[in-house]
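Next come the structures, one after another.
Common to both upcoming complexes is chain A, partnered first by chain B, then by chain C.
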Partner chain A sequence: MPINFSHVYYTYLPKSPFEYTALENINLGIKEGSFTAIIGHTGSGKSTLVQHINALLRPTSGEVTVGDFVISSSTKKIKGLVNLKKYAGLVFQFPEYQLFEETVLKDVAFGPKNFKENNKVAFDKAKKALLSVGIDENLFDKSPFELSGGQKRRVAIAGIIALEPKILVLDEPTAGLDPKGAKEMMNLFKQNNENGTTIIMITHDMNNVLTYCNQVVVMKKARVEKVCTPIELFKDDNILHNVGLEEPHIISFAKKLIKKGLNLNLNLIRDLNSLVDEIVKARKNK
Partner chain B sequence: MKAIEITNLSFSYAKDKEILHDLSLEIELGSFVSIIGHNGSGKSTLAKLLVGLLEANSGNIKIMNLDVNEKNIQKIRSKTGIVFQNPDNQFIGSTVRDDIAFGLENRCIPHEDMDKIVNEFAVKVGMIDFLDKEPSNLSGGQKQRVALAGILAMHPDILILDEATAMLDPKGRNEVISLVKKMKDENSNLTVLSITHDIEEAASSDRVIVLSDGNIILDGTPKEVFSKTDELLTIDLDIPFLTSLKNALYKKGIDVASIEDEDKVVEFLCQ
Partner chain C sequence: MKEIALGRYVPYNSLIHRLDPRLKIVALIAFMVMIFFKFVSTAMNFLIYGILAIVIYIMMRIAKIKLITLFKSLKPMWLMICFLLIINILIPSTGDVLVEINGFKIYYNAIFNTLYIIIRLVLMLSLTMILTSTTKPLDLTYGLEWLMTPLKLIRFPVHEISMIISLALRFIPTLLEETDRIMKAQSSRGVDFEDGKLKDKIKAIISLIIPLFISSIQRSEELANAMEARGYDPSGKRTRYRKMKWCLRDTLSLGFIVIILGGLITLSITSFDVFALLGIEL
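And now, the complex of A and B:
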């Protein structure tokens, strides 16, 4: 399901002393099956933007379309809103704070049950989702509150994956995870993406943007500043500086090599291994 | 006097699993110490024990020469400030201004002084334009900066950061770290204990302690600790970029292990 934002504005608490415009004239298209990063300074409107994708927020003006669903300020009742919530799963920052059930399995099955699946189907989906995020069967009957932080995060994300969403929206999914946990989490999303799920991820981690994403949306002061590929972004020193982000160390190192005359193809560098491959290749061709 | 003295500390949440095991540790007054370790290694548990939010099974903790116990806990809390990972759990005030002022109000600081202090710290953390905003409408990073301002405004002897920068973008993180350093420069007795996953952040402290399954497995200057690549990798911690690059190059037959400086590695590769 492609996503389209057209002239979208969003204002928090309009006509009050706390009035605050978080989105200004957003025009943006996200293709089906893409792995899109949303980046920008804190407070630039990233979280507000993604909350429109499953109609958690509705535009103050303008229109958001997700497949056939139309979300605008004028539509009072969105046709099939329940289905939209199922198609577009949203994982908030620190989703582990939303765990509430007695057991891990019950917590994950809550979503499917809420969407009127019968008990057996709901528990089957929950088990499948838990195994896919790397939660072992012997944890299924434990209280989610007994788990470590990283495990809790996985259980919370399994709760959304159990709904089998076509669009998975993630707000800083790896914040606070240790490096190994973060990498496993990113590989899980990559796998979902390869199986056809559109992934939209808010992140500050430029290494993840480089390694996993194929589109980047740069937000600045409530507006979309630029839409491009990761490598186009990292080639543009101005824009990174503009939004207060740093290029990955891999890229700054590659740029130094290029400047000193080593002929690397920046477009092929996605992670440490591809950087090393390019270095080896360039040194042979010298 | 040590800022923190821990002797033979053990702690478990449930009977079958000990989180911290016979841990002993001294932290010098005025030092900047990072504790790193994977999720579940006992880092945050240690922070909660230090401020008396959890009670140890056995062993002893002294903060600024005071035993952590029920009698001393109020005194200890007035000397320690802790910023947690998620600022949503520590907001009190209905505006940013009220929130920064909350701790000062509790200490009966006169109103005129309070206004000045609130403004001073709002400027320091870059939130002066947001003083009348509701904390709930701020982004995660902005909230964390406000939380930090509220703590720093009370001039604690010991500042504990429990993954306090995890939610910030790189620029925000650098701002917070340089703010903490500035506070340290102004008050050389301020002790900072930072629990973090961020290697670069740990690298900027005076001392790095690595926890794994409740035990201290490495302890030293950042340079000493980060040179122990194999130990760090076996417990699934990251190593700095240059070290992992050198390892990857070595596997392809390019040996730059002896070159320390990044720019010199660049020169070598371009020869």
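And now, the complex of A and C:
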């Protein structure tokens, strides 16, 4: 299910003194199976943008297509809107606030049940999702409110993963998690991506963008500033400066080495291992 | 969701925005009292309502409130109005009969009484809307606190009450935002808040209410801790950064209100009837 934005504008509270245009002329394509990062300053419209993907927000003008679904301001009732929500799962910023059931397992099964799965299937899916996010079986019957912050986050994410969406949209999923937990989460998303799920992730962590994503959308002041691969972005000092982004640690390290005369190929560097490989290669060739 | 934000403060800079909050509260009370005055005849009642409506409409224009916002907030009241009409018709009344169906009499009075209630409701709503959309919640509580100061003499906890009111007002927008967010999150999990069977509806509401309650309780706990950490003491004496200042325009407005109020009281007490005076039969 490819996603396409064409000439999308979105205005909050139109025709009131609080009117605010959060998206301006967005044109954007996201291919099926990609792992796309959306980055940009706070208030640049990232969350607003992704809420169009499962029609939580309708464009004020313009059109969003997700596979066969067309979301525009004119269509009053979108056909099969409920199905769209199943295809495109959205995990909000700080999703732990959406927990409400008596037990962890019931809470995660809530989603599948809403999409008319029978009890057994719903609970099976919930168990699978919980295990995949690293929640132990002995926590299944606890109240979600007794869990730690990080555990709550995992349960909330499992609540969407249990829907088995074709598109998984994540709004800052690792914000506030411990480094190890964040890495586990990222690996989980990567695994989902390798199994064919399209992942769209809002993040402020450039290291994750470099390591996990194959496309990056840079937003600035309600507009899309640039769409490219992570390495194209981090190689371009102009845009980094323009949007005010920090480069990943690995890239600044590699750039410093290059300045000192080491012949590294930035295009091949994605994480610590590939950096080490490049350094070793460069030293051998010397 | 957006419509709930009705009556929320709108930052224009009209004359009414600049008036002193104390004056605005007093004026609201005065107008509310006026709305409930009774005059000699039905025609007189409607005439005064008409005049009040025009005055209130002019105030709304000054405050830059659009009529459409008022009607939007009236929408949920249709049911109540119909209900009122039915009750008024069923209650036996006196006076002239409008129609008679199978011996069941519908009186003019029943219709008029319902109309009175509707008019009063609309006028009260407009007045409240003028107050809340032109006055910052914080100014409103300062005004209230000032007006309630005499109650301190009878040991009424004026400061505490106004602190509670201002906190409550402060958190209304936050709560609305939170509601919006949780609704979006739950509808991403397949909850349908718009239609569906009763059972699904109940489940939908539960999935909204519980997280809302929990985050509110958490928030109030955090707030209480933060206040205590900064040494908040309800009985402490405090000064204010921004002082309310009474200006000439406030005095003039107060005069205007006193004149109207006095006029209406006189009309009511003296059983004045323009229509009789002019010899108009109704």
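FYI, the second predicted complex is superposed on the first by the 286 of 286 C-alpha atoms of A that agree within 3 Å, B and C clash if a C-alpha of one lies under 4 Å from a C-alpha of the other, contacts with A are read in each partner's own complex, and residues count from 1 in each chain.
FYI, a residue touches a chain if its C-beta (ideal position, glycine included) is under 8 Å from a C-beta of that chain, and two chains touch if they have at least 3 such contacts.
Everything quoted here is computed from the prediction, not taken from an experiment.
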item: When chain B and chain C are modelled together on chain A, clash or fit; value: clash
item: Which superposed partner A:Leu275 touches (first chain B, second chain C, both, neither); value: first
item: Which of chain B and chain C A:Gly150 touches, first, second, both or neither; value: first
item: Partner chain(s) touched by A:Asn54 [first = chain B, second = chain C, both, neither]; value: second
item: Contacts of A:Glu194 with chain B and chain C, given as first, second, both or neither; value: neither
item: First (chain B), second (chain C), both or neither touched by A:Asp68; value: neither
item: First (chain B), second (chain C), both or neither touched by A:Pro95; value: second
item: Contacts of A:Pro17 with chain B and chain C, given as first, second, both or neither; value: both
item: Which of chain B and chain C A:Asp237 touches, first, second, both or neither; value: neither
item: Chain B versus chain C as contact partner of A:Glu137, first or second or both or neither; value: neither
item: Which partner, chain B or chain C, touches more chain A residues; value: B
item: Chain B and chain C footprints on chain A, overlapping residues; value: 13, 17, 97
item: Residues of chain A touching chain B in the complex; value: 12-13, 17-18, 20, 41-44, 46-47, 93-94, 97, 146, 148-151, 172, 175-181, 204, 206, 244-246, 249-250, 253, 256-257, 260-262, 272-273, 275-276, 279-280, 283
item: Touch list for chain C against partner chain A, complex; value: 2, 5, 10-12, 178, 181-182, 184-192, 206-207, 210-211, 214-215
item: Residues of chain A defined as touching chain C within the complex; value: 13, 16-17, 51, 54, 56, 82, 85-86, 89-92, 95, 97-100, 110-111, 114-115, 145, 159-160, 163
item: For the chain B and chain A complex, residues of the former touching the latter; value: 13-14, 37-40, 44, 85-86, 88, 132-134, 137-142, 163, 166-172, 197, 236-238, 241, 244-245, 248-249, 251-252, 254, 262-263, 266-267, 269-270
